[in-house]
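As C-alpha cells, the structure follows; a few thoughts come after it.
Note that the chains are named A, B and C in the order they appear, and that numbering of residues resets to 1 at the start of each chain.
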C-alpha cells in the first residue's frame, strides 16, 4: 500500500484515525479560538460595534472602551522595531555571509541562534532596569535637542514610553531577522556570485545586485516573521511602555499595545464588560497577525513562483 | 570605464562593507550586554537558599525552589501532552494527508497558530479551562503551553518525516509490515534526531514563556502540591518580582532569569546538537 | 525506540530545567511533607499585601494552614470572590451595603493604613518636600509639568528642586488605593471632582501606569522626577521618598502611625452599614489626610466547611495576635469594638448549608 491512501487493516485504520484526530484537533483549536473569543467578547462587540476600533477612550470607571490607542500603540512600536531591526539585521546577515571570515561567521551565527531563543521577559527586565535610565539621561535629551521641533520628540524625558518599547522590540527581533536573512543569503547559488565577481563586481555590488535580488522573497519572509513576533510580543513591551491609554503624538509619551494591556488588566478586570472589551482587543490582535501572515504567505508564494519561472 | 568611476565604486563598496560590519558589531555588542547583565546580576542571587527555599516576603529569607519545581511540573506536563499530539498530527500530515485538503488546511492552521501571540493562547485557555472550572490552575497553564507546542512539533515532524526517502517505506511495506509499524519503527527511526530537535525546540520555546501563564497557572507563594490550584512558576514570579520595588526581590528575579535563560539556551544547544546528528 | 526517545527527552528536560535530579527528589519530598496542610487562597488589594504575607508566614509556623495571597488589585479581588475562584477577596474600596446584598457577600475591615504620595527626586530627602492639596492636584492634573516650577519652589524654599520633568505614576488596575486617593482629591478639589472624579480607576490626565502598589513603587524608583502614590507600608519597605502633605487643619504632616491613627480616631464604624466608611481629609492638627481601611470579602454561603472554618480562624487570629506585626509595618490594627462587631457579623452571616459556621 502506498502512503497517501486510506489504509485497510485494523491496526492501520486505527493509526490513521488517531493521527487524523490529532490533525483535526489543530484545526479545531483555531476554530475554537475564534469562536470562543468572539463569544466572550460579544458583550463588548454588541455594545460598541465598529466604533470600538476607532474610539480612543479606554475608561474603566465609566465602562467606555475603545481600541484606538492600543491599535495605534501596537502598530507604532512594531513600526519602530522594524525600522531599526530590518536594516540592522539584513546588514549583519550580509556581513556574516559575504564579508566575515568563516570562523567568525560560524561562531556569531551560533550566538545569533541562541540569542533568538532568549525569553522575551529578559529583554523586558533589561529594558526597565538598564536601558530606560540610559534613554532618559542620554538618548531622549539628544533626540529632543536635535529633533525637538517635531511633535514626535517632545514630552517628558522619563525613559519609558513608546520609543523605548519600540527599541526593546527591535533588539528582541534582531537576532531572529539576522539568522533568517543569513540563511537566505546562504542559499544564493555560489556560481551566480562567482560569475559576478568574475566580471569585476565589488562585494557590495554582488550583494546588492545578486544576493539581495535573489533573496528578496526570503528576506521579505524573514521581515514578515519578525513583524509578526513584534506585533504580539507581550513581556518585552509591558515592562517599558508605561501602560497609558491616551493617544499622543509624542514617542516619548507612555502608550500601550494590545498585548501589554491584556497582560496588565485581564486578571484584574472587575467588570464583565471590561473583560469582554479586553477579549475583543485580543480578537483585534489576532486579526492583525492573521492579515500580516496571509499577506506574507501570499507574497512568498507569488515571488517563489516568479523566481521558479526565471530559473 | 574611467578611473574616477572605479574609485567611486571602490568607495561605495568600502562604505557599504564598513556599515554592514558596524551593524553586526552593534548587534553583537548590545545583545552580549543583555546576556552579560543577566549573568552578572543573576549569579550573585544564586545560592543554596535559591534552590531549596520557597518564595518569601520581602526582607525575609527565601528562594525560588517552589517556582522552579512548579515550572518543572508545568513544562513536563505540557510536553507529555503537546509533543505526542504534535507528532501524531505531523505524522498524519506526512504519511496520510500529504497534499490533500485536510492536510493543507491543517498545515495552514499550524502556521497561523505558530504566529498567534502566546498571550492569546492564554486568553483562550482562560475561557476554556479557568472560567468553567472556576479557578486558575496549573493544569490550565500546562495546557496553554502544550497548545503552543503542538503546531511547532507538528510542522517539524511533518518536514522531517517527508525527508525520509520513499524507498525505505516501500521496502518495509513490501516485506508485509503494516503501515503503522513501518511508520513507528522505520520512518520514525530514520527521522529520529530530527524529531528530537523539533520537540526540544518546542520545549525551549515554551519553557521561557510568561504571557500564556498569566491568566492560567497564575502564580503562588506555596509549594506546588496539586495542579488544580494556582501554581508557582518561574516566569510569572520573575515578572512579579522584577516589577516590585524591593531590592532583594529584584535580585531574585535576576537569579531566576539566569536560570531560565540557561535552561532555554541549553535546550537550544541540545536541539542543534540533535539536528547536527540528523544531518550527518 | 519511541520509549527511548521519550526517556532521553525527559532526561534532557530534567537537566535543562536547572535542577539536578537529586535536588528535584529532595524538593519533591519537601513538597509532600507540606501536602497535608489546609490551603486558603485569597486575592485582591495590593495595599495590604505586605501585612497579609507577614500574617500568613507567622500563622503557618504554628498552624497547619497555608494562606496564599495574590495581590491582583481590589477590582480583581471583588470579581474573583464573586466568581468564587478564591476563598476570600480583599479590597480597599469598600462595597456598599446594596452591592454586598446583591452579591451575597460580607465585608469587614482588617487594618487601617495611609496612602502616601511618593517621589523620586535625586538629592531630595524623604519628608523634606512639602505639598499643599492644591499643588498636588495641579501636579496630578498635568498643570505643573516641572519640579522647578515656581509654585513648588515657593512652598519649598529649603529644598534644592531638580530641573526635571514631572512623571505621574498611577495604577493600571482598578484599585482601592486609587479609590482612597481620588476620594481625597475630590474632597479637596472641585476641579478634580468635576474633571476626573473618584473611583477604583479614573481617567488620569497625564502619566504612566504601574500594576499594583508594587508596580507604581517600581516605576517611581526607576524614573527620575516621578510622583506616585502607595500604601504607607511600601514607603519603608521600598525606601521611597515620601512628601509632607498639608491637612485640613493647615499643618504639614508626614505619614506615620500616629498621624494615621489621628485620622482613624474619627471613624464611627458602628453606624456604617457593611463597614462602608471613608477616612480621607479628616479634621485634627495631627491627622494624615489620606487614610483608609482595607477590607476582606467573604461569601455568605460557604460551600466547604473545613476551608470556611480555616478562613475564619485565620482572620480571628489576625485580629487577636496580628496587631503587633501590623504596627511594625505601619498599619493600624482595628480597635476592639470593631473586632467585636465583626465577630457578631460572622456569627450571623457566614453560613454553610443554612447554618452559621462561627461558634
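Rule of thumb we're sticking to: a contact is a pair of C-beta atoms (placed from the backbone, for glycine too) under 8 Å apart; a residue touches a chain by one contact, two chains touch by 3 or more.
From a predicted model like this one, the values you see are computed outputs, not experimental measurements.
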Both-way neighbours, i.e. chains that touch chain C and touch chain A
B
Could you tell me between which two chains the number of C-beta pairs in contact is largest?
A-B
Compute the distance, rounded to whole Å, between the mean C-alpha positions of chain B and chain C.
36
Distance-wise, how many Å sit between the C-alpha centres of chain A and chain B, to the nearest whole number?
17
The positions of chain B in contact with two or more other chains are 218, 243, 260, 267
Sites on chain C at which at least two other chains make contact:
210-211, 218
Can you list the residues of chain A that touch 2 or more other chains?
128-129, 267
Residues of chain A defined as touching chain B within the complex:
1-4, 6-7, 9, 11-12, 14-16, 18-27, 29-30, 32-33, 36-37, 39-40, 87-89, 91-92, 94-96, 98-100, 108, 110-111, 113-115, 117-126, 128-130, 171, 174-175, 178, 202-205, 207-208, 225, 228, 231-235, 239, 259, 262-263, 266-267, 278-279, 282, 285-286, 289-290, 292-293, 297
Show me the residue ranges of chain A that touch chain C in the complex, using the header's touch definition.
57, 59-62, 128-129, 132-133, 136, 156-161, 242-244, 246, 254, 264-265, 267-271
If you look only at chain B, which of its residues touch chain C in the complex?
51-52, 56-60, 65-66, 68-69, 71-72, 75-76, 79, 83, 130-131, 134-136, 184-185, 188-189, 192, 195-196, 199-200, 203, 207, 218-226, 229-230, 240, 243-246, 259-260, 262-263, 266-267, 270
Which chain C residues qualify as touching chain A in the complex?
72-76, 78-79, 145, 165-167, 172-174, 197, 199-204, 206-211, 218-219, 222-226
Once bound in the complex, which stretches of chain C touch chain B?
1-2, 5, 8-10, 12-19, 23-24, 26-28, 30-31, 34-35, 39, 41, 50, 53-54, 56-57, 66, 68-70, 83-86, 210-212, 214-215, 217-218, 220-221, 234, 237-238, 240
